[in-house]
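Some structures are shown below for you to check.
What follows is chain A paired twice: with chain B in the first complex and chain C in the second.
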Partner chain A sequence: MQKVIGETKKAFLTGNEAIAWGCLAAEAEIMFGYPITPQNEIMHYWTRLAPKYGKNFLQTEDEISAGFTVCGALQTGLKAFTATAGPGNVLMQEPFGMAEAMRLPFFAIIQQRGGPSSGTVIYSQQEVSLTAHGGNGEGHRIVYSTANHQELYDYTIKGFNTAWKYRFPTFLLGDGYQAKMREPLEMYDPSDRGIEIIKPFPLIGLEGHIGEDREPQHLRNIYSLEEELYDVVLKYDSEYDSIKAELVEFSEMQCEDAEIIIISHGVVSRAAEDAVKALRAQGIKAGCFRPITLRPFPREQLLAVIDKSNAKKMLIAESAMGQLERIVKYEIYGQTLPVETLFMPGVGIIDYDLINKVKSII
Partner chain B sequence: MVAPATPKSWYLPSKPHKFCPGCGHGIVLKALGETIDELDIQDKTIFGCDIGCSLLAWDFFACDSTQTHHGRTTPVMVGIKRARPELIAIGYMGDGGGYSIGSQHLLNAAVRNEKVTLILVNNTNYGMTGGQMAPTTLPGQKTETSPFGRDPELTGYPTKGPEFISELTPDGAYVARATVSKYKQLRRFLRNALRNQIEGNGFSFVEVLSTCPTNWRTNAQQTWHFLEDEMEQYFTVGELKTPFGKGDK
Partner chain C sequence: MWVTEQNVARVVEAYVGEYASGKSEMAINRALELKNQGRQVTLVDLDTVEPFYTLRPLQDKLENLGVNLICLSAKDSFGLGETGAMLNPKARWALRHEGDIILDIGYGIHGAKTLNLVEGANESEELKILLVINYTRPMTNSRERIKEYIKSFDRIDGIIANTHLANETTVEIIKKGNTEIAAVAEENNLPVVYMAVDIRLAEEVNQHEFEIPIKFINRYMPEAIWS
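Presenting the complex of A and B:
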């Protein structure tokens, strides 16, 4: 196979461009997409890069179609993907649900924009609930919340592998700031980092004569009896539960002696790290914790960080009205540390906001 | 007595099938099975079915099959065909799935001349959900959501699918309307529709007029009367577009 990235190289790219390169490096074969800001440039770069590497693209009539064409292509064993945002993410909950029900290795990039409704085309962290728990099911999904361009590249590659390894819908949850900003990153061939790209395989369209070499494959997502569905959902839940420990990812900074722990995810966690440094310089013992996987959530890890700290409070900060907060409170139920919040729905949070907030509550 | 031949491409463990007595789906699926056998495409056929009565065919064939959401069979089959052009993608749906909730997919797949074959069974109502008005319900026809008869002033006239699809598609497309009352013609149209995909000419679409005695609340004679004298009067049967030269009215 033709290597997309030869020697590891420094690059200075927008986030959407970094993702398009990541998709190529992950050996993705076809993108189905529909225009919506702020993810458009993933399509723009893919449509320019794809022909050079024998890859394909189809612009569908809407996000419902983009999601379902991906479902069809995945079933035949092609590494397909899509990207969307905001109202497109709403429409794609239907095909994401089918992928959840049929255990299709669906990988999608979500670049969050402001909501509800058309909201803004710019930025938010308001698609956390939808991405992690959307659909008429149980949210058997894997969600990586990235914070910088290196992660956009890294987790695009990892996202495909996670989807094809575990066969739960997998999401890279970015936002418009990450999508549109330019930042330095290092692009590499996955094999140079010891990353093995998981090869796709078909569920239908198999080799051999039916009735002689093999049985026909009948895939479905509907059941006649309640008990049939019950057994399926319980099986999926048990499998999901069993892989949580190997999936969860987080980062933490200076929580050991911290009196206050800032909890944030995605691009806001960068402001949190800057705030911790500034607060420490002013003699305030702050630390921060960042879930990288929002689903499954690093529950044990957060509890352990709280336990070993001297925290008197935690501050949950997000560019949404408590979508992360609800997850955190649910996950660490029983932990009595007082919770303060900084909710700025659809608006960026910088270190200054966090420093002021921390000073006002300690 | 000789039992009627069963198509080789039928999946026997799922027989007898689950459609209501007098339903036309069995006839369509028999014709499709015989056509798959005739064209020798069983091993490379992907049969995809919609939600609605068509979903009862999810394990009907000894072909690789997939079942989708209401209206979404078209994009799933498009994804399959785009991913693996050597496969034969057959989408199977009802009039609600194709002409109502999935109409944007049908329309755009037709415009793009996607090289899939779609079979849409028109029985003038939503059968699985209990007999509601469909895009194809005839003027004056009583359904659960038009209990006093469909009033075109309020709800418009029945959708003529093959007519609009034949206008939308470029050359290479195959568009026809068949009926379960004319079996040999149905077989011919299905053969042409699949041949068209095998040859890679373009989009193939066959609407099949069918029966629903359960929701029509008709006996055998009334059922046949409604099909032949009401539906076939409103919906003209024949080939509307064919790359094979001769039309069949």
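Presenting the complex of A and C:
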């Protein structure tokens, strides 16, 4: 097979481009999409790259359709994907739910924008609840919240593999700032890093006679009886539970002796790391914790970090009105460390905001 | 001969090129350079696709430095929303302004077509269209790709070699990239007007020989939070 990336080298990219290249490196075959800022350049770049590498693209009439066409293509064994944002993410909850029900290897990129509704086209962290727990089911999903362009590339590759390995809908949760920012990253061929790309496989039209050569393939999103559905949801839940430990990812910085722990995710965690360095330089013992997987959440890891620290408080900071905070509080129920918050819905948080907030609460 | 302060009444330049190639940075630096020569300068933000991500955050700063800036301010864009991709009427008539005009043309090849919307652009004898190329950008990271990229434009009058890798730029990266760009430019009979170099690398770069004239630039765009 033609190597897409070739020799590993540093390149200067926007986040959306890093994702489009990551999709190529992950051997994706087709994108179905509908334009919405701030994910547009994923589509634009994919459509520029697609003819050069024998890939395909279809612009559908809306996001509902884009999501369902992905569901269809996945069943035929095509490595398909989509990308969306904001109200598009809302519309796609229905196909995401179908993927959850039928256990389709659905990988989608979400570039968060301001809300509610069309909000702004620019930036937010307001799609956490929707992406991690949306739909009319149990939110059996896997959500990676990235913080820089290297991660956009890395987790795009990883996201496809996760989706095809576990067959739970998998999301790369970025945002408008990450989409548009420009920074250097290393683009590599996954095989050069020992990453094996999982080959797609068909879920329908399988070889052999049903009942003779093989069992029927039941891909269902509707059941006649409540007991049937109940059994399926319990089965999915136990399967999801059993893979949590191998899926959770987090990063932590200088929490061992920290008196205050800043908890943030995504692009805000970059500000948190800068804030910790600045606060430490001023003699304030700060540390930070960042869940990389928002679902499943690194619960045990956060509890362990808190236990090992000298924290008197934690500060949850996000560009939303408490969407991360609700997850954290739920996950570490019983932990009595006082929680302070810095909520800036739809607005960027920089180190300065965090430094000032920390100084005002310690 | 290339346009300089001495041989032309006014400077009218349009900066085009790949998304994130450094067009805005080149345009800002050029506008300030002309301003510092005591000239009257109008800098026009011509990104009609996503006017919210471009020069807007630098508006106050650039205006305080004496540049007349035409872009959509928060007030101008009230009610525009996402579907408000539109041509700022002030930008449409930009060439009728007195003094030097620097046009920052956003959004790649498709953006370059925006120039057709500027009154008098196609007829102007003053207008120079300058293509900004950064060799570290994946779509322009080889001779073949640069050649292919140049072909996608109807008209280019000159090339600016702007090979940078943000804070990780080294002299080696600059040298390698700009040499390749210059080779393709020569093949296409296009002048390389200058190579842009981050002023923080001035000392190091000055120890090397380059055939292309060097222009040291300051970076303004990192002040926009997404840059």
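Assume the second predicted complex is superposed on the first by the 350 of 362 C-alpha atoms of A that agree within 3 Å, B and C clash if a C-alpha of one lies under 4 Å from a C-alpha of the other, contacts with A are read in each partner's own complex, and residues count from 1 in each chain.
Everything that follows uses one rule, which is that contacts are C-beta pairs under 8 Å (C-beta built on N, C-alpha and C of every residue); 3 or more make two chains touch, one makes a residue touch a chain.
This structure is a prediction, so every number in the text was calculated from the model and none was measured.
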Requested in this report: With everything superposed onto chain A, say whether chain B and chain C fit together or clash.
Outcome: fit
Report task. Based on the superposed arrangement, let me know which partner A:Arg182 touches: chain B (first), chain C (second), both, or neither? Result -> second
Report task. With the two complexes superposed on chain A, say which partner A:His218 touches: chain B (first), chain C (second), both, or neither. Result -> first
Query raised in the report: So, does A:Arg193 touch the first partner chain B, the second partner chain C, both, or neither?
Result: neither
**Report entry** chain B versus chain C as contact partner of A:Leu13, first or second or both or neither
**Finding:** second
Requested in this report: May I ask for the angle at the C-alpha centre of chain A between those of chain B and chain C, rounded to a multiple of 10 degrees?
Outcome: 100
**Report entry** chain B versus chain C as contact partner of A:Leu78, first or second or both or neither
**Finding:** first
Requested in this report: In the overlay, work out which of chain B or chain C sits against more residues of chain A.
Outcome: B
Query raised in the report: Which partner does A:Gly348 contact after superposing on A: first (chain B), second (chain C), both, neither?
Result: second
Query raised in the report: When the two complexes are placed on top of each other via chain A, what is the minimal CA separation of chain B and chain C in Å?
Result: 21
**Report entry** Common ground on chain A, meaning residues reached by chain C in one complex and by chain B in the other
**Finding:** none
Requested in this report: Provide the residue numbers of chain A that touch chain B in the complex, in ascending order.
Outcome: 29-30, 32, 56, 58, 60-62, 64-78, 80, 94-95, 98, 204-206, 208-211, 216-222
Query - List of chain C residues in touch with chain A within their complex - result: 19-20, 50, 52-53, 81-82, 134, 136-139, 141, 164-168, 225-227
Query raised in the report: Of all residues in chain A, which touch chain C in the complex?
Result: 10-14, 17, 21, 36-37, 41, 48, 118, 120-123, 176-177, 180-184, 187, 348, 350
Report task. Name, in rising order, each residue of chain B that touches chain A in their complex. Result -> 11, 42-44, 46, 48, 51, 55, 58-59, 61-69, 72, 74-84, 87, 104-105, 107-108
